[in-house]
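There are structures below to look over.
Both of the next two complexes hold chain A, though its partner changes from chain B to chain C.
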Partner chain A sequence: MTVQTAAAPKSGVVGNVVQTTYREALHDAIREALLKDQRVFLMGEDVGRYGGCYAVSRGLLDEFGPDRIRDTPLSESAFVGAGIGAALGGMRPIVEIMTVNFSLLALDQIVNNAATIRHMSGGQFNVPVVIRIASGAGRQLAAQHSHSLENWYAHVPGLKVVAPATVEDARYMLWTALEDPDPVIIFEHVMLYNVTGILSADGGPVDIGKAVIRRPGRDVTLIAYGGTLGKTLDAAETLEADGIAAEVIDLRSLRPLDTGTILRSVSRTRRAVIVDEGWRTGSLAAEISAIIMEDAFWDLDAPVSRVCTAEVPIPYPRHLEQAALPQPAAIVAAARATLGR
Partner chain B sequence: MGTFSMPSLGADMEAGTLVEWLKHPGDRVERGDIVAVVETQKGAIEVEVFEAGVIDRLLVEPGTTVPVGTPMALVRGPGEEAIEAPAPELVSAEAAAAPAPSVHPAPPPSAPAAEAPGRPRASPAARRFARERGLDLVGMTGTGPGGAVVSADIERSAASPAPAPHPTRGLDLAEMRRAIAAAMARSKREIPHYYLSTTIDLTRAHAYLERINAERQPADRLLLPVLQLKAVALALRRMPEFNGFHTADGFQPGTGIHVGTAIAIRGGGLATPAIHDTDRLSLDALMAHLRDLVARTRVGRLRSSELSDATITVTSLGDRGVESVFGVIYPPQVAIVGFGKPVERPWVAEGRVVIRLLTTTTLAADHRVSDGHKGGLFLAEIDRHLQEPEKL
Partner chain C sequence: MTTAAPDTHAQKPHLTREHLLHLLRQMIRVRRFEERCVELYQQEKIRGFLHVYIGEEAVAVGVLETLEAADTVVATYREHGHAIIRGVPMDAVMAEMYGKAEGCCLGRGGSMHLFDAGTRFYGGNAIVAGGLPLAVGLALADRMAGRHQVTACFFGDGAVAEGEFHESLNLAELWRLPVLFICENNLYAMGTSLERSQSQTDIHLKAQSYNLPAEVVDGMDVVAVEAAARRAGAFIRSGQGPYFLECRTYRFRAHSMFDPQLYREKAEVETWRKHDPIDRLTSWLRETGTLHDVDLLAIESDATMEVDKSVAFAEAGHWEPLEQLTRHVYTERALP
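Now for the complex of A and B:
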């Protein structure tokens, strides 16, 4: 597949690639799904008349009508539950939740119903719902709209959790998710919506269970996902100027984790830095670190390192918000430390 | 039945490689006899036995690297019967490299070792690589986080010419540099040094040497360092807090005055072999010892006791033209005396400005054991002895 990075040049259409934004890619993915499969519909707060909190669904209400683009009351528990019910009833709902902080109101529906019904019904009923959740910080939305709680969901058996970090994944992960017979949660980092990138016009569905190496290198493995991928690629550029070849893995799937790709890379480079916008304690970074310890210990040349968000509610002031988040300089420093430099 | 074990030939030594046995089963040995040659970071060392008897059995094959304290031979004391039990297998290079413990019990802590040998800091990958390649991590220099040995260090080490299974005698200057680095880093890390400096008038000592040497052949002449060594040794009789070792139990005074003398090696490197009972040797005997030591140090043939027994060190960079040297204490010793280059200078004596041959004499000492006041008295005592050279 074509490797996409967030820093692709703005070039319009070149050959069979198009330049687009992450937001447009999501929009096109939803539109394609609506066109392809009559069972697909979108619902969530302000997805219809307002066009979506992040303007992903703008124009879709006019094209597909209120049956398929449904504005919901401000009750995450109710409309996520309705989505689960629709999925059980044979539909293919796409449910949008404005931010991961609000998704906590729907945790009961997601964890106790969506994730368990296939198991508790002895395989009689599956729940093919797709839940899109915005997450992450950087837009000065303060401590109730900015967190990265992906690991809460990645903890739960019965769910699949993915985090498209590139325009291409934003465009092509949705259809794979809709085809999955079980609930899939898609985390969209809020700082990615405006990112532009180039896209193969003829790209196909992506395998959502596989991590991908966005940049090969031999000296240290940097593991990132979602909103931290761009910062991590920036850090890898800086490291290259210092003669350090960093390999950058984009996890893409947070549950299941593609442990094979992680372990193969770390076994080659012998060093790992995990970049995670979640808080360090109990983080996905902690889980990945434990996996590396369990299965690649004898290949390590340095302790596994983590770059995570400071353990504070995300601050409102820009300088404090930026200071709390993983930044390229910290990633560079952590990578250098694994090399004893 | 006594045991002859791999000796500790310095605070930083963790293991040694047996080069050859100079005694064999059935040979009678006396205390002090050289029974084996051991390759260490400081070169090939002739190792002495500390009890009299008959060599009963050799437990280690030449070419084998074993940790300090590992039994290497059994020595049958007078009247003891030879062991009837089947001979234990020799520890071979292969067996020693294997991770499984050999047939011998864990080595007992050896008395002269200043501290238990530490595990080298090494990454998991480095440990696996070393094991796969049969390399020893001990003494390897690490380039990883915190100076840890990492897999690349093992690969470099494996790519460089492999150490011969039967090391030849001689000096490995790179190894020696690592040993010096380890000892000096430990010294600066652990020992709170204090430094004193004084000027000592060598005019009388020099005149004494001129007088004595005038009638001697060059080979028999005495040199100034001999007077300095003897003066330090005699001063230590009165100032025992500078003669001995600092260990976990605090200061242990030396059982004799064994002055180590710093000898530079061409191409880089340094050894500080001891002259045993320096205070009891005549100047001629001391001179003979010094000549012998310098010659043997430079070809890398020192004896184990010479490397481990020094109770203080004297360093003299005077022949390199420097006026003063502030030494770094060789752990676990507690002091080092430095002599600078003797120079003629105007000096005030008995109210007149006169020309005198002067040397800057320094003391670096361990503040855990002594204080500057005592250090000053020690330097004054050295000075006093150098003013009476005929009594040295």
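Now for the complex of A and C:
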């Protein structure tokens, strides 16, 4: 994976594959959904005139108009709640929240309404809303714009939580999420928007509930998602140079977790390192570690290891921010330690 | 509630030559500081988000001029000017912008999170409207401790759409708390113009509906802002509760360094530039014979020197050691 700091290149067709950016893939996914289904609309702060705070929706207002590309006031609770209401009313809203820290202003609507209405109503009502949220650190945006709170949402029954880590998933997860009768939250790591990748031009809907092995290996299983997948694949490269074959799992879905893929891999490699940009305490990594302990304990040759974000609000200066986050060197060290090397 | 006799002296801006030149100097200090910040951003010395206040300086300068040392300030992520005018040393602000350990927050906060205990400057809040409840609470503490101080809370027009705005105004008025709410209405929240975000665009009416006395102020006129802030301050200090100022102003530059400004016409920006608060005060002072070229030269060169010095200070600063990464998450207590 290449992280580009320069302006994002435009997508262009090369044979029957397309070279594109994560941002462009999301844009195309939204556009396709708007074309396919009249019930779909995009709503959020600055999605229209401004073009989206990460430029994902640029151009869509001109094409679809202000009814379907809705700029909202700064009212997270109201417009997320309105998305939930519109979903109840038969629409298929895509609600964008600029940054996960701002989603906290809408947490009430998501947790108390979106996640519960099917259950509270005895199955009479369902909430087919899709909420896209940018998350993660790496841009020196400090302690109110940089957190990884995916796990807060993944904690809640009634929600589904996915984290596209590749251009392919950025392009094709959305439609599957929109077809889901229940609320789906899509987390987009802010460092991925400029990442380029190859996309099959004729790709179709993907299963969003399944984890994928991004790199096979037999010595240790590295489990990652979203923004940490690239760093984990880099670590696997380094390990290979040392003769260690690491298997890399991309979780893709954080709720439900694809425990089958995790357990089968760990049973083969007998070792696991979980990489998670959330804080270590109460992390998704902790949950996965517990699952492995419960269901693959006797297959393990080493304690399960975690590489997480340091227990500190994300600091502004680059050296401290980078030191707080999971890095390839720490992943390599953790993997080696499981092998006693 | 007792109503003290309004202090007429405190309500009048002191329109002496000295004072007017002081207001001009304050606005120019902020302007030159931020222009340098933009350059430093392009040189990648400053990173993250950078939101400049260029065009809006009269608001912070006019209001903060009226505060006392024991008063309290709460601001947003567009707060470099507020911090500098409040008296946070420019050196410490610039070092913070760099992320250096000599910064006013050890570099931990950066541009959007300036704090300074010495001047009772409580941030630097980058959650839109997040500062309003804090201001209510700071004022509550003053009230409960029997201190007759003002908490000045700055926020943008965008904040008006958040629930926290409404909840805070209601609470402040309900409990008659000494909060000065200052809405910096620059007509845009990022790319969303006021008329696209508010069904009622007269923001002061919202405050009035919660029973707060509210005024509309020309936010491009520093003297008008100061006069309004003095009226508000006298009211608040007399124990009658909060006060609301809607300062109409305009942001000349992009929202942040990432904004291509697709949402507004260049002509609109140019029109507003004609009301530049610095130019406006300068030409008025010239017309009245109050300001001479030598005065302006002196103000400009002092500002440049101060900014240069702050850059040198920040450059010479150092990075906090990595071993300290997890410090300042909890209060550090000496072992018994």
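In this section, the second predicted complex is superposed on the first by the 328 of 341 C-alpha atoms of A that agree within 3 Å, B and C clash if a C-alpha of one lies under 4 Å from a C-alpha of the other, contacts with A are read in each partner's own complex, and residues count from 1 in each chain.
We adopt the following convention: contacts are C-beta pairs under 8 Å (C-beta built on N, C-alpha and C of every residue); 3 or more make two chains touch, one makes a residue touch a chain.
The shown structure was predicted, so the numbers you read here are calculated from the model rather than taken from an experiment.
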Report task. Check chain A with both chain B and chain C modelled on it and let me know: fit or clash. Result -> fit
Requested in this report: With both structures superposed, pick whichever of chain B and chain C touches the larger number of chain A residues.
Outcome: C
Query raised in the report: Could you give the angle made at the Cα centre of chain A by the lines to the Cα centres of chain B and chain C, to the nearest 10°?
Result: 110
Requested in this report: Check whether A:Q19 is in contact with chain B, with chain C, with both or with neither, and answer first, second, both or neither.
Outcome: neither
**Report entry** Which of chain B and chain C A:P317 touches, first, second, both or neither
**Finding:** second
Query raised in the report: Does the superposition put A:R270 against chain B (first), chain C (second), both, or neither?
Result: first
Query raised in the report: Which partner does A:W298 reach: the first (chain B), the second (chain C), both, or neither?
Result: first
Requested in this report: Note down the smallest distance between any C-alpha of chain B and any C-alpha of chain C in the overlay, whole angstrom.
Outcome: 26
Requested in this report: Overlap the chain B and chain C contact sets on chain A and report the shared residues.
Outcome: none
Report summary line: Residue set of chain A touching chain C in the complex reads 45-46, 48-51, 53, 71-78, 101-102, 105, 139-145, 310-313, 315-320, 323-324
Query - Residue ranges of chain A touching chain B (in the complex, touch as defined) - result: 270, 297-303, 337-340
Query - Complex contact set, residues of chain C against chain A - result: 47-49, 99-100, 107-110, 112-113, 125-130, 158-159, 161-163, 189-192, 196-198, 259-260, 262-263, 319-320, 322, 325-326, 329
Report summary line: Listed in rising order, the residues of chain B that touch chain A in the complex are 123-128, 142-148, 150-152
